[in-house]
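Common to both upcoming complexes is chain A, partnered first by chain B, then by chain C.
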Partner chain A sequence: MYWGLIIGTGVVFGLGAVLLVQMGNPGNYGFCAACHLRDIAGALGIHSVATLQYVRPEILGFVLGSFALAKTSGEFRPRGGSNPLIRFVLGALMVIGALVFLGCPLRGILRLAGGDLNGITGLVGFAAGIVAGIAFLKRGYNLGRARVHAGAGNSAGYLAAAVAFILLVGVGTHAAFLRFSVQGPGSQHAPLIASLVAGLVAGAFAWRTRMCLSGGIRDFILVRDTYLLKIYGVLFLAALAGNLAFGTFKLGFVGQPLAHTMHLWNFLGLFLTGLAAVLAGGCPLRQLIMSGEGNTDAMFCVLGMLAGAGISHGFNAAGSAAGVAVNGQVAVLAGLVVAGAIGWSFREKTTAVTVGG
Partner chain B sequence: MREEFWVITFPSIFHALRGEKLLAASRIPAKLIAVPRELTGSCEGLAARLEGEEVARAVAVLRENGVQMVKEGVKITR
Partner chain C sequence: MEKTLDLRGLSCPIPLIRTRDALAAEACVTVIVDEPAPKENILKFAKAQGYSAECKEESGEYTLVIRK
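Entry: the complex of A and B
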């Protein structure tokens, strides 16, 4: 069971991503919680980059897969109320950083498995951001406890799954309320059913294993827990094997799909994502999974991620194959200041209780 | 083989780390772990893993020192 879940999760994400690219997704773009959500933001008109508009069914699958499994196992417990506005801001920061690197940490691993060495720079930055986040945790950073939603508030827990379902119907029927890219990365995608099934299965595994790109590194640093790290390892090997088998492995820094070689900004972009993810209690993928299981704080974080995509593309702050423009550099530095301020401000004070005094 | 142990969970990493220090100072064997999957789907927290006979003493020590706990001793069997 232990290894079954590790191998299952790693293979579904790693090999699944490579297969999705074979079926039409852009290069090293089988799964990405940040960029896929960015494409959804485009489809909803939150940004207006014509080439980045498609409701990626992989993301809908993450939410619905997590929802289905949480619901059937009796672990669907709507809860929230732990500083939702701050979680919104952290969600935006995670995606602003990820879009400078051009990928969430999950895509960072997938890029590396495709031979894109910029993945190393980004992932090292991500780990460094987690270390910075842990420093805040150790100083007492805490956004406060979430509460289980009772009564009518309970229905709020279904919102993420309901919206995912509506968007799924929308993308399936090519509904007029959504935008669809006719060229560029947004127009490249695997058949809907393949993307959806991949997302559902991956979402179910991610829910079961609590797969989290920041959580695994955080728990390893804090308590030497290696469970999630093993999943990353299998994921990397599965994607690497798939890329080698399909001939999509290309080693180097230059000319990689949806990537640039500005090392400092690859590093700092995912540094910001790692820091914000630790402060928000989960990476972009994990936030989607928790949204599915009824966590309304995670839903605020996902809304923030959508807003972050809007900010990135609205202000031309996202990276591109040409690199990171000044706006993107300013956005990352400003994001680090904001994340640092959040980490510093939300420290709880210890209340030492003296007994018998 | 069935494994059995007890855990105390905390509302934040800060309390968990403080708890770990206090338990060590009181010579109560405890090890911080990620919160067991059986308890919560959330991955935000750490838990202290203990043997059954130590739980009551550990909770008392933590409470005396103002460490906040979420679950004050839960048995995990797997």
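Entry: the complex of A and C
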């Protein structure tokens, strides 16, 4: 069971991502919590970049897969109330950083498995950001307790799954309330059913393993737990094998799909994402999974991620194949200041609450 | 010495950090959490350290007794 889940999760994410690219997604773009959410933000009109508009069914699958398993296992317990506004801000910071790098840490691994060496720079930055976040945790950083929603408040826990279902119907029927790119990355996608099934299966595995990109590195540093790191290892190898088999492996820094070579900003972009993820209690993928579980704080974080995508593209702060404009550099530096301020401000005395004993 | 920690509602990895820190000073720590993820993280940590751990679930809350 232990290795079965590790291998199953790694293969579904790694090989699944490569197959999605074969079926139509852009290069090294099979799964990416940040970029796919950015495309959803475009489809909803949160930003107006015409080439980045598509409701990615992979993301809907993450939420619905997590929701289905949480419900059937009896673990669906809607909760929230732990500083949702700060979680919204942290979600925005996660995506602002990720869109400078051009990918969440999951895509960082997938890019590396496709031979894009810029993935190394980004992932090292991500790990460094996690180390910075742990420093705040060790100083008593805490956003406070979430509580189980009682009574009518319980229905709030269904919101993420309900919205995901509505968006799924919308993308399936080409509904007028959504925008669809006719060219560029947003127009490139696998068939809806393939993307949805991949997202559902991946979401189910991510729910079961509590997969979290920041959590894997964080837990190794804190208690030497290697469970999630093993998943990332299998994921990388599965994606690498798939890329080699399909001839999509291309080693180097230059000319990689949806990537740039500004190393400092690749590093700092995912540094910001790593720091904000630790402060928010999970990476972008984990926030989507927790949203499906009925966690309304995670839903605020996901809303923040959508807003972050809007900010990035509204202010020309996202990276592109040409690099990172000054706006993007300013956004990352400002984001680091805000994340640092949050980490510093929300410290509490680390004495644990004692109940009897 | 024994200690009981109420860690319900706290984001990961705060329950794990507080459990680890409490076990540095106490021989036995009882932990109350209300989500599967921190429960599993704490049990994995206890196992890795060679500590004994018992877990009881009641109404979605988990009581873990960890002994060094």
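In this section, the second predicted complex is superposed on the first by the 349 of 357 C-alpha atoms of A that agree within 3 Å, B and C clash if a C-alpha of one lies under 4 Å from a C-alpha of the other, contacts with A are read in each partner's own complex, and residues count from 1 in each chain.
Methods note: a contact is a pair of C-beta atoms (placed from the backbone, for glycine too) under 8 Å apart; a residue touches a chain by one contact, two chains touch by 3 or more.
In this text the structure is predicted, and so the values were computed from the model without any measurement.
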- [ ] Quick one: classify A:T173 as touching chain B (first), chain C (second), both or neither.
- [x] neither
Open item on the list: Going by the contact rule set out at the top, does A:G281 touch chain B (first), chain C (second), both, or neither?
Closed with: both
Open item on the list: With both complexes overlaid on chain A, does A:L222 touch chain B (first), chain C (second), both or neither?
Closed with: both
Open item on the list: Output check: A:E348 vs chain B and chain C. Expected answer is one of first, second, both, neither. What do you get?
Closed with: first
Task: Which superposed partner A:V148 touches (first chain B, second chain C, both, neither) - done: second
Open item on the list: Tell me the contact category for A:Q183 with respect to chain B and chain C: first, second, both or neither.
Closed with: neither
Open item on the list: Under the contact rule defined above, give the chain A residues that sit at the interface with chain B and also at the interface with chain C.
Closed with: 75, 77, 137-138, 142, 145, 210, 212, 215, 219, 222-223, 225, 227, 281-282, 350, 352-353, 355
Task: Residues of chain B defined as touching chain A within the complex - done: 11-14, 17-18, 31-34, 37, 41-44, 46, 63-66, 70
- [ ] Spell out the residues on chain A that touch chain C in their complex, using ranges where they run on.
- [x] 75, 77, 79, 82, 137-138, 142-148, 210, 212, 215, 218-219, 222-225, 227, 280-282, 350, 352-357
TODO: Spell out the residues on chain A that touch chain B in their complex, using ranges where they run on.
DONE: 70, 75, 77, 134, 137-142, 145, 207, 210, 212, 215, 219, 222-223, 225, 227, 281-282, 286, 290, 293, 295, 347-348, 350-353, 355
Task: Partner chain A, residues of chain C touching it in the complex - done: 2-14, 16-18, 20-22, 30, 32, 34-37, 40-41, 44-45, 48, 60
